[in-house]
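Here it is: the structure, laid out below.
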């Protein structure tokens, strides 16, 4: 196997390196990469889309179709994790719950019996780890700022580095931090699996919905220019508005999916026990 | 020989990234542990991402965000194509990053399933256990 | 004159296919099922006869289903040669279905519905072959026939039939896919068409060596003609119920093989091209070997049906021999032999089956004195045998007469000798059976009982076919006309 | 309205997938109807699209209103319209057929399954419709991701491992393709297929372009499972739940063949492929080896699922070889075989699905006497079987005809030999199964007649019946398909 791998690697690498001789020198402004399409993007991008951040302009407008499917890829991964991992394990006999307000521990024999108000109780299982006060407090303080920053990144995507993906990931990270510092259950108590699922769907629906709205308004799919009919914005910035809209959708989807993937992988699909 | 050297010096970025790719590919083929294969896979994909990004670079140009594009005063003054680097590769690679992340997620999920079934991630042991079943 | 466009050819082919759903649905009620089979058979025959007069006046019926490849439609054309074959096959189907009722019920076989369904399918494809307007359509129905007969051959579903079925498919499908299909494609590659035309399509387009190889690939590729060494599927196929052996392996399937070769000779190559190539005699030699070898092996058989099978093998090569001799008389003889041999041989098979039903005997050694018990059957057997041997007053004589004349016309003295020898051999292995049946004191207590025939459904058909093969000696006219038209 | 068809066929199943996900948590009962509606909608629009395209020529759709090469273009010509219809119809029929088994196998996760399923179909449709090299990569990854998930789901023990191997190889394939695109982009500076095609003559003979082509090709081959890169395929397909392998097996490989043909004709151009690269000798030889080895390995299998998987490997050789013969006959055969083989493979897996559903066992020796217990399914199997052997008037014969003609025309005798041999071998394959299913056990007797009728549910038989009809119909009227759909496309490609 190793020898075979070596041979394959050498052949591929040799081919690739051999071909580099025809490349234009690195950073040469006259290379076709810089002369064919990019001048148009750079010089016209701002006028055509109204987004100074050209990367966002190309990402969300010129190649918005790509980006939609990029979001779909994330979405797909999330659903795939649910499909593969999510399991409902049998309730074991004899579970112990701690009543969070009082700290009273109670023991339940009957596997089918449910608690009348489960939000106040938390299951005590073998994976149980006692909390560390410092970590809890620090993350409790940090998380709001992280989330504010995430929103900023999303909202400001078309002016400065950033956008839906980045913002969504940061927001998801804040929730994952919560899950790490407290435990999975308490993070799921704040944002339930159902909510995550619906949010992930909502995000992509927002994106494609905007596109279809443009279609209904007589344009092509994702032709934001048409949105002038329903949005009271000056035509120069209407496309930027459309981009903002799709970025928000992306933000939702990515955030939700990040948390979904984390929760499923971290708990092997058994959400009721944390790390 | 010297011209080869100059060749390499001129395009050292491509050389580096291709070598990096091949390291990743080799790891994917030759490693025995599934996680290590996965790491190799990520090296491979990351190297490709770097490869693309580097092709967007242009001498003495800056990141593709129009200076002072906020207020719209830039909307009137003409923009030189030579000022800014090519935004397209960045866009493409944003997508590629997301794709690789998604693939990684699914792969990890599968690895968890495999571990639940066979209690090992070493390929040879896996083969043995599969035969036993 | 331009052909008549009409649905009749398609109907004639499809009738027995259309009746299949009805057969399946009425599987629980045997009488209704057989009634339907009969109806289909009569309608089929009626349709074909209805086209006879026009064909005798040199008209042709044409029907095009679709054109899958440029220049190669799925097309049905009714011409003299096809008409002759279709007449024989569809006419005999009626009697065979009557016979198979008696036979299947007599031995109360299982899966009778399946039997009748696939029998109908096989008949459809036979008529399809007869009416094919080009090689591709012919190949289509040829393959269909191979597949439709498989469940009939393996009807008993036991180990023996499984093995025979395997051999059957190996030979039939193997040759048709492995030899005929590529050959056909090469023809198409060179000629750009596959239609059967009187002048042939290959003349002047194909290098000679390719032509010669192709010809032999075709001759052996149509393994249903059972030319040695591709003959051994036929004896194997005798595990099938006797009606199958009677109609399919004495008439339909094997004649389809021969018929395809005739089509290749007359339609694809054309007489002129072949006579330029001078490969007729070689092919005739191959056929002659099969004739003699077949008869010789037949002599050494003890099981009646296997004997008949080998005699069929040798008789088929008569037809091939006649056609590849390319002399008008020989070709006429060969083509008529399709009909004559059909009536003679089906009678013999019917008799064999009748004996099976009545006494359960299949080996010749057990049939001493059986004539006393089943005089009608054995009488018919005698007539059939005479017809095969080629003794007047039986149809067989006429075709053999013309074949002999043809050999002289093509001045192939040795082949004439071959023909006569093999007739002699036929006599040698047929006459003793009849003799023992009537004039040897029975050894088996089973035959002491006085006159006791097989069920009527079995006896009537074999009597009629026997009488017809006599009648054909005096009135072979329609077949003659058709044959003459076919070779002009 | 009709101008939007290219976008609609993709958007409808996509939206259905999103709504589906919401319904998983809102109201489960809505999941299945949404899925059926989504797929049905795409079938409807695919039919309309095909008629329109065949009627008045290629349709281009500029997403976001940006003209190519700036924006992304969807371009539907005869070939893509044909494949689109194929994909949507098969996906639709499969969802009808697999409802029961899905509800049995994964009860509470069925919603998630439907979502992934829809995404898979969307990805395939997108791959076929797009005219942008990078967009093709993204959609390819969506398809592959959902395929990984679909193949690994369920309770089969070995499925996850097989699917993981698929991931490793699939990622390598996709990355190779991406590298090829990158090289092309460096040399041309564009990603639009037509644009690349127009720019290539300017840089003819550059080794970078050739390497780009080779890497794209190898990447596609890996995804397609061409021998010897097929190692992931048999396990992945045979250990997966039938309801997912039934749609992935027919469509994934065929769409990849489509992508290869698209690359050869629309991106690099035939003259580049056959004059500058001129690998055809090697590729056809490889394809022939693939055919033979696939057939032989299928012969060696004792399990029906595995046998089918290797039959797929063999059929891939047909199409690759045909496309690389370098004459229009061979290309016609390859394209026609995309259609036929998709139908045949689908039908085979339908049969397999029925057997799994009723018997739970797929080893060939366990099929004894199945003829009398499930006659309709086995009738279907025989029909597909003779189509795979290549007996007229079933469709399998007609593509084989064109492939053989192309082989004779190109003088590729080894390829012709491989084709004939493989049809003989597949005859053995089919009738081996038939014998086991048809004949009574050695110890004589007709007890199989008494065997109770235990046929699959109607919802699984109807798709099989329809597919059987399609096998005959496509066969008899393949002339029309070739004349009106395939040949015009090839003419465009050559000119």
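Order of writing sets the chain letters: A, B, C and D. Residues in each chain are counted from 1.
Assume a contact is a pair of C-beta atoms (placed from the backbone, for glycine too) under 8 Å apart; a residue touches a chain by one contact, two chains touch by 3 or more.
The structure displayed is predicted, hence computed values, not measured ones.
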item	value
Given chain A and chain D, the chains that contact each of them	B
Remotest chain, chain D as reference, centres from CA atoms	C
Pair sharing more residue contacts (C-beta pairs) when A-B is set against B-D	A-B
Central chain of the complex, centres being mean CA coordinates	D
Centre-of-Cα separation between chain C and chain A, whole angstrom	75
For chain B paired with chain C, centre-to-centre distance based on mean C-alpha positions, whole Å	71
Where chain A and chain B are represented by their mean Cα positions, the distance between them in whole Å	19
Approximate Å spacing (C-alpha centroids) for the pair chain B, chain D	29
For chain B, residues contacting two or more additional chains	21, 25, 55, 88-89, 92, 95, 99, 102-103, 106, 110, 113
Two or more partner chains touched - positions in chain D	134, 138, 141, 145, 148-149, 152, 160, 179, 185-186
Shared interface positions of chain C, touching two or more other chains	none
Touch relationships between chains, expressed as pairs	A-B, A-D, B-D, C-D
Of all residues in chain D, those that touch chain A in their complex	4, 7, 11, 14-15, 18-19, 21-22, 24-26, 61-66, 69-72, 106, 108-109, 112-113, 115-116, 119, 122, 126, 132, 134-135, 138-139, 141-142, 145-146, 148-149, 152-153, 160, 179, 183, 185-190, 199, 206-212, 214-215
Sites on chain D touched by chain C in the complex	386, 389-393, 398, 401, 404-405, 408-409, 416, 420, 423-424, 427, 431, 435, 438-440, 442, 444, 446, 448-449, 475-480, 482-483
Residues of chain D touching chain B in the complex	134, 138, 141, 145, 148-149, 152, 157-158, 160-161, 163-164, 167-168, 171-172, 174-175, 178-179, 182, 185-186, 191
Complex interface listing, chain C residues touching chain D	65-70, 74, 110-111, 136, 139-140, 143-144, 147, 151, 154, 157-159, 161-162, 165-166, 169, 173-174, 177-178, 181-182, 185-186, 188-189
Chain A to chain B touching residues, read off their complex	1-2, 4-6, 8-10, 12-13, 16-17, 20-21, 23, 25-29, 33-34, 37-39, 41-43, 45-47, 50-55, 57-59, 63, 66-67, 70, 73-74, 76-78, 80-81, 84-85, 159-161, 165, 236, 261, 264-265, 268
